[in-house]
Every structure is written in structure tokens, then in C-alpha cells.
Amino acid sequence: MDWSGSIKKMKDSTQEYFTRHKIPSGCAVFGVANEAGERFDGRMLIDGISVMHERSNGLGGGFAAYGIYPEFSDNWAFHIFYDDTAARKQTEDELAKNFKILLSEKIPTKKVSGISGPPLIFRYFLDTGDDFKQNSRRKGADKTEQEYIVDFVMHINKNIRGAYIISSGKNMGIFKGVGFPEDIGKFFRLDEYKGYLWTSHGRFPTNSVGWWGGAHPFGLLDWSVVHNGEISSYGTNKRFVSGSGYECTLSTDTEVITYLFDLLIRKQKIDLKIIHLILASPLWQEIERMPGDKKELVKALRILYGSALVNGPFSIIVGSTGFMYALNDRIKLRPLVAARKNEYLFVSSEEAPIRKVCPSPDILWHPDGGEPVIGMIKKNTVKKEAGKRLARLDNRPVEV
Amino acid sequence: MERKNKTKKSSELIDYIIIGNSAAGLAAAEGIRELDKAGKITVFTEEGHLNYSKPMITYFLAGIVNLDRVSFKDKKFYSVNNIDIRLNTRIKSVDTAGMSLMAEDGSRYRFKKLLIASGGKPVIPKIKAAGTDGERNRHFNSIDAMNYKKIGGIFTLTTLEDAVRVKDYIEKHGVKRISILGGGLIGLKAAEAFLEMGIDINIIELENRVLSATFDRRASEIIEKKIKNKGSNIYKNNTIKEIYITDGRISGYRLKDSRKMECSLLVIAIGVVPDTGFIDSGKLRINRGIVVDDHMRTSVKNIYAAGDVVECLDILLGENKNIAIWPLAVMQGAAAGINMAGGNKKYSGGFFMNSVEILKVPSISMGMASAEGGKEENIEVLKDFNQEKNIYKKIVIRNNKIIGVILVGNIERAGIYAGLIRNEIDISSVRENISKEDFGIIHLPADYKKHLVVGEGTEV
Amino acid sequence: MPERPGDDRMKRIYIQEEYCIGCRLCEIYCQVKYSKSKKIIKAYKEEMVDILPRVLVEEIGYNSFAIQCRHCADAPCVSACISGAMQKNKNTGVVTCDEDKCVGCWSCIMVCPYGVIRRDLAGRKIVSKCDLCVDEDIPVCVKNCPNEALKFIEKDENEKNMVKSRNGKKK
Amino acid sequence: MALKLTQSEFETERDENKCISCQVCVRQCSNDVHEYDNDEDTIYSDNLKCVGCHRCESLCPTGALKIKERKSQFRTNYNWSAGHLKDIYRQADSGGVLLTGMGSDKPNTVYWDRILFNASQVTNPSIDPLREPMEIKTFIGRKPDRLDFKINGSGKNTRVELKTKMYPQLELSTPIMFSAMSYGSISFNACRSLASAASQFGTYYNTGEGGMHKDLYKYAKNTIVQVASGRFGVDADYLNAGSAVEIKIGQGAKPGIGGHLPGEKVTKDISNTRMIPEGTDALSPAPHHDIYSIEDLAQLIYALKEATDWSKPVGVKVSAVHNIAPIASGIVRAGADFVAIDGLRGGTGAAPQTIRDNVGIPIELAVASVDERLREEGIRHKASIIVGGSIRSSSDVIKAIALGADAVYIGTAALIAMGCHLCQKCYTGKCNWGIATQDPYLTKRLNPEIGTRRLLNLLRSWSLEIKEMLGGAGINAVESLKGNREHLRGIGLNDRELAVLGIKHAGEAW
């Protein structure tokens, strides 16, 4: 049954389905970051991911873009899918109760053949109010502002039928839906956005269920994750994050990986540089050969965070305000290619997209399993553009 | 130098000369070859057979083995070990000072090292005789070692040649009963063979029982009874006073008790003595046998002796004694050979032991088995006699150590006792088990048991 | 003094009396090996009459062990043998009795401190003793011991084991 | 008493065509079932004495023996089963509590057999354990809430240094350990086999409550020393010798019941090891008389940690009872570094039959609810969970870990590897396999070299099978199996059972 064709009728059960079932999928991932913080528009990503058409099957595509809302860089930007106006009304009531809404609008789209049955797609720029700004505590509750956002997102996604927050960070946004990624890009008019860090995803789910909320990237706060593969440690990872209050509502690998990043980096304060030692831990036989200090460190990480080891095939690209991070599983069961040209860092499932947008990179390599690729964004440049008005973007092509 | 010049013919200098081609001599040759692969070894023997085992002659006699099988080393032994063997060569004299010897044919040999392993020779008593020989009608007044061979039907039984002759004589003359003078070891060994052949025997024994030296009264009785049951006789406290000769052959004899007996074949088996007559002793010490130390060295440098010709340590007596038995001859010979070739092997001494089977009754005696205790306070005797099965076991214990054993009827595991004697094991903790019929290693004192069970092999 | 290669490197049967369970399967399989058919049921039911096991189990209470010829380095039985039947093979170290040569004088029985040579009266008078199953990879008594109380190993290995077990033993 | 209302439970079937009267069976039976009649050269067997241990059958060189269960037929009665009748006959004979050995044999649901494991197909590659690393190393012990680091340098020269001091951990080469079986309940040779196998394989065995024989101190690195209510053999040396300390509160076969080693089993060696007079009964009280509540347990844990200089994990073993989840939570909060849970079907040397068969809950349900509870409370990392009580196969291990265990304890399986045939007569002291006995005639039958080798083989084969199953599911580290209930499916289970186990039913996708 093609549920996407009758999404209005089936939306409740579709979302229900997604929250109950894990859907394994193959995929294409492609990410580009400008480490200098220079922004470029979404066409490079659309161009790139389009050459990996074969890796998708039209049941999901999406993009995450950072630096696209400089005029609201200090405010929370929520992208929300609604199945209907009732869900929107209910959600907006909740938003109003919990935030100061600075701007709410429909996200501009255009008609593209191959994209059908989109939900209602809105974005909101929100302020949490003075309490957090002053105390980073709110009404005596033992929470940081970020936890407050996480709780709110979880609450909406879990409890309001027909509403789904797909993006909840600052100065970033996620655009995704059912269709091939290049069509989704055009649908969302991404050529009109400029960001310094983009990731994109083409999806090949192994069933015919297409649901806009289930497309990738998955996002929470500033995190966005695109992922290729199917991890075998899902249950273990899920139980691990659940011990810290993360509830996996989507049953996707991407979701649980996002939570792992959030938990390890934001909550446990583990340095980005060693996060791969947890997510794709070295083998014991490698650990045994390490010098004393390092061995002790890696062993301790593995003992404590064994349940955060992501097992089975994956290549992921994680986007965040300050960096782009790509990682392969430890025995490299999925492809990952990286390249650099000047300030640009490319990571991709295949070499072709990189060659498409950057025919002669300075360096191109195939990272080992468990070897991270990190692009750090120089924050100064980002700051410089903050405060600009939300505006349509010019069409200047990116030159690399 | 001077001495060398004395030697008339320019004689060969041989690295190792061995007099005697039997147990001790050949064990020595092997011992030499363990260390010295090249040195020349020459073995002299007065006998004509390549090699044979003396204890085997009674088995040959009994027909258990034929002439081909009396050898204890195979034919290749001499070539494999590169040994020059000189048969039919009686050594006439040994010049211990000149380090040379002369054969009966007059040839002289010089040696670097000499082993005397000439064994023993039978004792022939002087007995009054009456009669003439067959050929020259020569009259005999008495027989003795010099002339007994000239009378048909009188034999000793210590060499293969003796056995061949006895066998021929029996066949030729259809002998049905054989008299054996001497009820000791050799006599009984001969008796074993004749009984096996189905020939009745008369044993004439000076003492009041057979095997008086090695058996006690009970053991002797069991054997005597067995012999008598078969129609054979034993004349105890007796000896031959006169031999009757008819046509050069023995026809009868008169016993000490005056009884006259018919006899067509007499075996004289009253004992052997070391064969040392040919040695120009000089400084070489000879008591009853050649005296050797624990490395089988005689009192003359580079001259060794081993086997039945020597007297050396009896571990039970604690002094030298001539114990003429095969196992000791082999051990002595092996030690002598190794020492001759420059090695260092101690001969740790031995004690008497013997195995004889009369009419399917096996028996073994070892050590000071005839002791009865009582005389000496520290000697204790354990006996176990099963009349029904005719099984007898006797253990002689001195200072808590076994010094003698007699087993009759059941000899299984006899060597365990030999081990206890040799290793001087204190058996006080296992005394109650020691004479049991099923006595075994498991009954032994814990340490010795462990040594046997856990170890890999003994150095007895 | 050159070593006899046979003795130091030969595999011997070592006895672990603490693990002998007194089942006597060693004796049974030894008898079967020297039976005509070498088939256990047939051997026992039809041929067994007088086949002697060449391994002996001694047992008192819970103490027991199976013992067979130790194939001594300096074998007293070989010295004592008057017929040349008892020989120690210099290459293999194995002491065997050539049954064709043996005359049944029992000299070996007289000197063997282990008491592991027995009179075999089934046919001609000869002795019966363990030949270390020279025609098998592992002697049948060892192979069939259900508790590995018999081991067929080299001296070095045995010494290693002894050290090990001594460490594990009460002082 | 001439009248016997109980019938023999087994019969030995002897094929006379094969029996060679070699008497191996006669010599091997400690129950005197077989008797050789010299006059007739025949062996007679007294079935009434047969316990079905199969020793004679195993050693019979001709395969002439077969042990069969002898089912004498009672009138069919669904209420009064043959078992009930026989029990009452025995009780009417003896007037005592019915004793039995080993784990419950009652037909309760074995949930392991109602759970199926997953494998990869297409969307995720399975991994070949023969060609790819497959990691089953496991750590037992308390994990810190988080790690602190010190970061030195920057860029390529960044060096991250660990600041947090880790709690002591047991490092297991496979997530399987040998559970507590005391010297006394089993023979020295059995203990030595366990110790030496654990040591050679890189895992742990548990002394049980009987102290540690001095000859086993050399295996101390691979030993968990147990402290039970009798405190047998406990002193500072003992506590410090092992690599971990386990406080035994209860045992799956007999929750709420103490132990009793009869005086005749307290041989000289055992008396030395247990530090009690030779020949006296070794009585373990039902409770620890210094632990009447959870705070008392906390004190004992603290005391043991002090006594061992905080250098070893200290854990607590409990029976799986109805409130196991909150009990486990309490134990973790009392400071235990691991919780060992022993399920309903766990083994024993001797237990009242009625307790063994009727008290406690199956380990599968217990581990599921304990893991869930500790996670809910956010304290799952504070203690490892070790489960035991009838882990029969590598697949049971896999399932236990997927339900949330860190490692398993095997007791019965280890004994079976050493020869146990589950005749359930351990309490008679006549174990024909030399395991549950102190009779020197019988203990000889377990050559520890063989015992060790068989245990090593068991560990090796289970470990290989675990690796095969992990690889099949596309997992190359056992950490990624822990609590991974997505890889489990129930079969023939109702919703309640599925809910407690936290798994979906077979046929339901992710």
C-alpha cells in the first residue's frame, strides 16, 4: 500500500507506525563545510547528492543547513510538520505557553514534480524568556535551557498527534520530506539559503512507508545527523540513552545516534576529539598495543561507554554549530570519502558528488573505520554575519 | 722396555683383550663399545661355539631349544660391534707384569686392557673307581678331574659341549635313569632338564636335603616330594664311595651307606670354582676368585675381571664373595667394559639368587634364604605355607630389612622382594603384608612405593 | 658418555596413581589386544581362557594404580635374561621379550623390582610383559584409561607435570 | 522394614550377549547396584539401588548396559500425580523433609526456550567471526557516572588524559563465570578443575561459602571469594586473595534457606579450609545474622571494601524472588559493585525439594525486570548484573545478555561438563562421578586435568558459539548486545510475559 498517496487519511497511523517501528534503510550522505565560516547556498548540496540518485529510492531526502538564519542567531528556530490545522493549533498553543514567539511563518516551497502530499510546514523563531538568560534555570526546575528545549520537543513529538518538530536549533534548519533529495532541495528552494555547513541525505528505506517526519536529517537542538547503514547495537544504544532520559520516538538509528552525541558531548562533556573512541571504539587487540596512558584512557572509555559503542555498519555526518563530524563504523562496513579544497571540507558516501562539485580537491582520502573527519568552523566569521535580517538569498554560485 | 724385548715373537698390541665369551665377557665388550667405537677388541674362548648361554644348556638338553637357539647374542653381534672372536683358543698363561698373554698354540698377545672373564670350572671329586676302559683296558683306581672324561657315562654339565655329549649318550644308550651327584643348584638344574625329558633320576646329596645352601627345610621338602612322586629318588646324607666301570663305561656305584646302585649315566654336579689356573698371578690377588673392587679392577692396573671368576661385594654380607650367577655376571661385565674404556661405572654389589622349576613347581630363592633366625636376635623369619596349593613363601628379615626370600609354587612378582633387598628398604611399616600371597607394590612402604610408581624406571 | 637416545626421548607410560579408579579397563583392553580376534566381546566370550593382561592393577581400598613394564634405562631383566630373549631396543628404549627365544627360566621375574613380568603358561613356558604396544600410536591401556591415570609422554613433559602437580599438592 | 511403597526409578538393562563379566560396572557403582556371582560368572543388578547416574553405562567397554527410567504406572490422576504419591510414600517412610540435589526439574516455562535471537539479512551485514575480530571481553564492576579528562596541547598535539580513577573491575575474556560451589559440596578435584579452567581461560570461578583450599590460592587471581552466612573460611587472607568478594544472601535453589554440610563430609582438608573442627556439621544460617535489613548489608559491603583496601569489587548474590527488582536496586544503592541473581532453576548440592521447586522466579524474568528497574533509576552503570540459575547453552548466555545481564554464572553446566548426569543425589555423598562427594574412592574419579580440559572446552565452544551468533546479528562486540532486546523475540508468550521481558513477539518487526 502506498501510504504517501493518501497521507491525509493515513497520517496518524503513519506517525504511529514510525514511532513504534524501526525502519532499516540504506542511504546516501553528503556534507560540505566551510571551515572559514563562509556561507554558500544549497545548490552545491543538491548538485552533489543528485549524482547519488541510485542510493535513494525516492522515499526520503533532506538537508541540514547551518548559518542560514543569522538574523535570529540567538533564537531557537523550530521547523515543524503538521498533518492538519488542528495539530498546528494545538502545537502553537503549547509554543505560546512556553516561549515568546518572535516570528512564525510557513516555510516557502515550490511545486516540484515528484513531490506530493507534503504536510503543513512551518517555522518559528522563539525566545525562552529572561529566566534562562539570567539563571539558565527556570522556575526552580533543575534544567538547563537546552534540556528545556529537548523536553519540549520530546513532549510535542510524543504527545501531539499530527505535529512533529524536525528541527530545533539556533541559526540552523532541517529541510526534508518524501522524495528524492534533489527534488526535496528544489521543493524547499534551498538555492535561496546560504549556510557555512550543509549536510544532505538520500534515503532508501526497505519498505514502502514514506513519512515526511521520518526522512533525514534528524535533528535535536543544534545537532543534525545523516546516516547510512543499519546499526546492530540499536537496542543497546537506545537503552543506554534512555537511562539519561532520551526517549527514542522515531526508532531510527539516526535518532539514537543524535542522542548519543548530545549525551556524550553536551551532557558528559566528552571532547569531540575522542568521541570516536566511544562510538567506534578500537578493538581490544588494538587497545592492548597502545602506550600506557592512552591504553588506560581508551580502556576506561570502553568500560564505561561500552553501551554507546555503535555496532554494525554506519557512516554518519553530524552537523553542529561549530563543526562537521563524519565517522565510519570501526570495521568500515559502509563507505565514507573525504576531501579538502581550501577551506572546504567534503564528506560523502561516494567520491562522485565531491568530484561533481569540486573536480580537483587538494586532497581526497578514504578514512579508516573509526577514524573521524572533523571540520571545525572558525566562529568569528559566523558571528560577523549575525544580526542580519532574514532575507532571500542571492544566487551567487559557489566557487571552489 | 726391557720387558717388551723379552717377548720373542713380535706380538700384536691389542687395545682390549677379553678372556671369556660368555655373559660377563660380552657385556664388557658392549660396555667398551658404548664409549670406544674404534679400539680393537679381541675375545678369546676355549670353546668352539660362537656364543651360548651357559644356563641354557639344560634347556637345550631338555629339548626346549635346539643348538641354533642357545646363543644369547645373535650372529651379527661380533661384526656389528667390531669384535675379533677367537674360538677354540685356550689361554695358557697370563703375564700380568708383562701385560701379555699366551695362547696354547704359543702365540702371544699384548694388551692395553685385559678383562678376565673366564668363568668357573666344575669341581670333580676324587672317587675310588673299579674297572677298565673300553679301548685300552686301562684300569682305573680312581677318577678325578684329569681323567673322568675318559669314562663313558660320567659327565659334568657346565658347557654346551657337555650337554651335547650327554644328549648323545642318552640317545645312544637309551638311558632311562640318570644319577646326579650333588643336589645343589647345578644338580637341580640338571634334574629339571632330565625330568622334563621324562627320565627318572637319582640324586645323591651329601646334606640332609636338596638345595641346602639356598633353601630351607620346608622348601627342600616340597621339591623333594615332587621329585619322589615321579619315581625318582633322592639319597640324602649320602655320597658315592666307589664307581664301577664296565667296558670303559660306568655301570654302577656304591653309596656311602653301602648300597650298590646301577647307573648308566652319572652327572657330577657338586659345584664350580673360578677358573684361574692359567693366570701367572704375580701381583694379581686371587682368593677363591679374582679379587676386584667396585669398578671391577683387579689388583693389577689395567686388568679387570668379571663374572663367575671373581669375588666381589655381596651386599648382604658386606664383604667380597664369589656369587656365580648370570645377572651379576652381566652387570659386572658391563661395568668392567665401561671402566676399561675410560668411563666410570660403579658395580654396586649383588647377592645370590636363583630360579629353578622342578616338574612345574617354580621356585626362587634369594639372599640369605636358608637362615632360620633364633641364633641371631635381629633376624626374624616370616613363613606362609599353603599345603593345599603347595605354595610356600619365606621371608628373612634382619634389622627390619629383607635379606632372604624363598618362593615355592608361586613366584609371581618375586623381583619386588629382590628390589627390597637390593635397596635395603625398611619394611617394618608393612610387615603384616609382606608374606601375603597377593603381596604387591601397593603394600610397600609409602616412599618406596611412590618411587616405583611415579618414577620411570629403576637403576637397580 | 653418549646417551641411549631411546631412554631420554622415548615416550613412557607414567602412572598417576591419584587418579586410578580401579576400573581395570586397562587390563581388559590389554587382554583384548593380545587376543586372537582383538574384538572385545569375542575375545572374552570365546578366546579369553589364559590371556594375561600385561598391565596389573593393584588396589587396596581407594588406593590403586595400574603398573606395567617401566622399560628401565638399566633394565635388570635384560641383564638377567639367559636366553637373549629380553632385549632393550637401543633406538626406541622399549624392552621386549622375544617369545621365540624365551625358555621360561623366570630369571627376569626374579629380578624385576616392579613385579611386572609374569609367567605365561598358556602355551610354551614363556614370560609375558608389556611391549609398550609398539604397533600402536598409544598403548591400549593408556588409550582406554577413562581417567587418564596413565600417560604416554616423554620424560621432560612428565617432569614438567610433576613440578606442576607438586605445586598443587599439600606440603 | 520389609514393606516398600516406593519403587525403583531406574532399571539397568544388561545385554547378556554383550556382557563379558569384566565387572567394571561392579567396581564403578557406589550404590552397589551390580554384583558379580562367581559361581555363575554372571552379574546381577539390583535396580532398587540405581540412581540413574549412568556411570556404569559410560564405562562399560562393550555397551552392554543401558539405564532406563522405570515408569511404574499409577492410575491416571491429574490431581494426584505419580510424583505426589512417591513423595508421600517417602515422607511416610522417613518423617523428614524430602531432600534433593541440583536444580528444579519441574515443567515450569523455560523462557530461554521461548525467546529467539535475531540475525542480519541484507540491510546489515553479518560478520564472520572466523575472519573478523569478535569481541566478548567483559568487565564486571562499578562504572563511574562519567569520566573527567585533562586536555593537554591543541591541534594535532592534543593529548587527552584520564583524570577519573576507575573502580576495580574484573576482566573476563568471555561473559561466563563459574558460579559458587563450595569445597565440601563438591570435591577438591572439582574445585581445582574450576579454578584452573577459569585461570587458563581468563575468567573467574567462585569459591562458594566453603573457604579456599590453600592449594587453590595459586588461582586466586581468577577467584571470587564468597562470604556467606556461615562465614566459613573467611579471614583477611581469604578476602584479599581473591579478585572480588561476593556476599551470598541467597541461592536460586533454596531462597530463604541456609546450608548444611554434614559432619561426615567435613574431612581434615575441609575442616582446615572452612576453619571449623573436623567432623562437625557446617551450618550456614538462613539469614546473615548481621544483616536484617538493607542498611546492614551496606555496612557489610563497606566493611569488606575496607578490609580489601577498596581494591576489589564487592558484590551480592541473591535469589530471584518476587521483589527482585527493588531488592537489586537496594543492593546497588547499598554499594554493591555487582549483583548476582540466581534464578528458580539454579542448582544446589542439597535442598528441600519443596523449596527448590516452589520458591523464587525464573531468572529470565528477573534479569529483565532488574535491568529495566536499574535503568529507570539511572543506576544501571553502578553495578554489573551477573545471572545464573540454569544457563544451559551459549544461546541462553546470548539471551541473558540481550535481556540486560553483563555476564552469566554457570554451575550445573560446568558440573555436567565434568561428568555430572543430574541424578540429583548430590546430598547422599555418593557421587559416582567424583564431583559431589568427599569419599576418596570416588573423588579420584575426577582427574582435574580432564576436568580442566573439559571446562576449557565448554568455555571455548560456548564462546565460539556466542561469537557466531553475535556475528550473525552483525555485532562484533558483546557490549553492543547488552540490553539489546530488539534482537530478541518471544514465541508462544502472552502479553504480560512479553511486557516483563521487554521484548516483542516473533513476527513483529522493529
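Labels for the chains are A, B, C and D, by order of writing; each one numbers its residues from 1.
In the analysis below, a contact is a pair of C-beta atoms (placed from the backbone, for glycine too) under 8 Å apart; a residue touches a chain by one contact, two chains touch by 3 or more.
Given the structure is predicted, the values throughout are model-derived calculations rather than measurements.
Engineer: Taking the mean of each chain's Cα atoms, which chain ends up nearest the overall Cα mean?
Structural biologist: Here the chain at the core of the arrangement is D.
Engineer: State, to the nearest whole Å, the distance from the C-alpha centre of chain B to the C-alpha centre of chain C.
Structural biologist: Roughly 30 Å separates the two chain centres.
Engineer: When the C-alpha atoms of chain A and chain B are each averaged to a single point, how far apart are the two points in Å?
Structural biologist: Comparing mean C-alpha positions, chain B is 106 Å from chain A.
Engineer: Taking each chain's centre as its mean C-alpha position, how far apart are chain A and chain D in Å?
Structural biologist: The answer is 47 Å.
Engineer: Rounded to the nearest whole Å, what is the centre-to-centre distance of chain B and chain D, using the mean of the C-alpha atoms as each centre?
Structural biologist: Distance between chain centres: 70 Å.
Engineer: Connecting every touching chain pair, does the picture come out as line, ring, star, complete or other?
Structural biologist: line
Engineer: Each pair of chains that touch: what are they?
Structural biologist: A-D, B-C, C-D
Engineer: Which positions of chain C touch chain D when the two form their complex?
Structural biologist: Touching chain D: residues 16, 18-25, 28-29, 40-41, 44-45, 61-62, 144, 146-149, 167-170 of chain C.
Engineer: What residues on chain C touch chain B, complex-wise?
Structural biologist: Per the stated touch rule, the residues are 1-2, 7, 12, 14-15, 17, 56, 58-60, 63-65, 67, 70-77, 79-84, 100-101, 103-115, 117-119, 125, 155, 158, 162.
Engineer: Can you name the residues of chain A that touch chain D in the complex?
Structural biologist: Against chain D, the touching part of chain A is residues 21-26, 206, 229-240, 242-244, 251, 268-271, 273-274, 281, 283-285, 293, 296-297, 300-304, 306-307, 309-313, 330-331, 333.
Engineer: Which residues of chain D touch chain C in the complex?
Structural biologist: 17-18, 20-24, 27-28, 58-59, 61-62, 192, 214-215, 218, 269, 439-441, 444-447, 449-450
Engineer: Per the contact definition, I'd like the list of chain D residues that touch chain A in the complex.
Structural biologist: Against chain A, the touching part of chain D is residues 120, 122-125, 127, 132-133, 135, 137, 139, 143-144, 146-147, 149, 151, 158-162, 164, 166, 169, 371, 375, 378, 380-381, 402, 404, 473-477, 479-487, 509-510.
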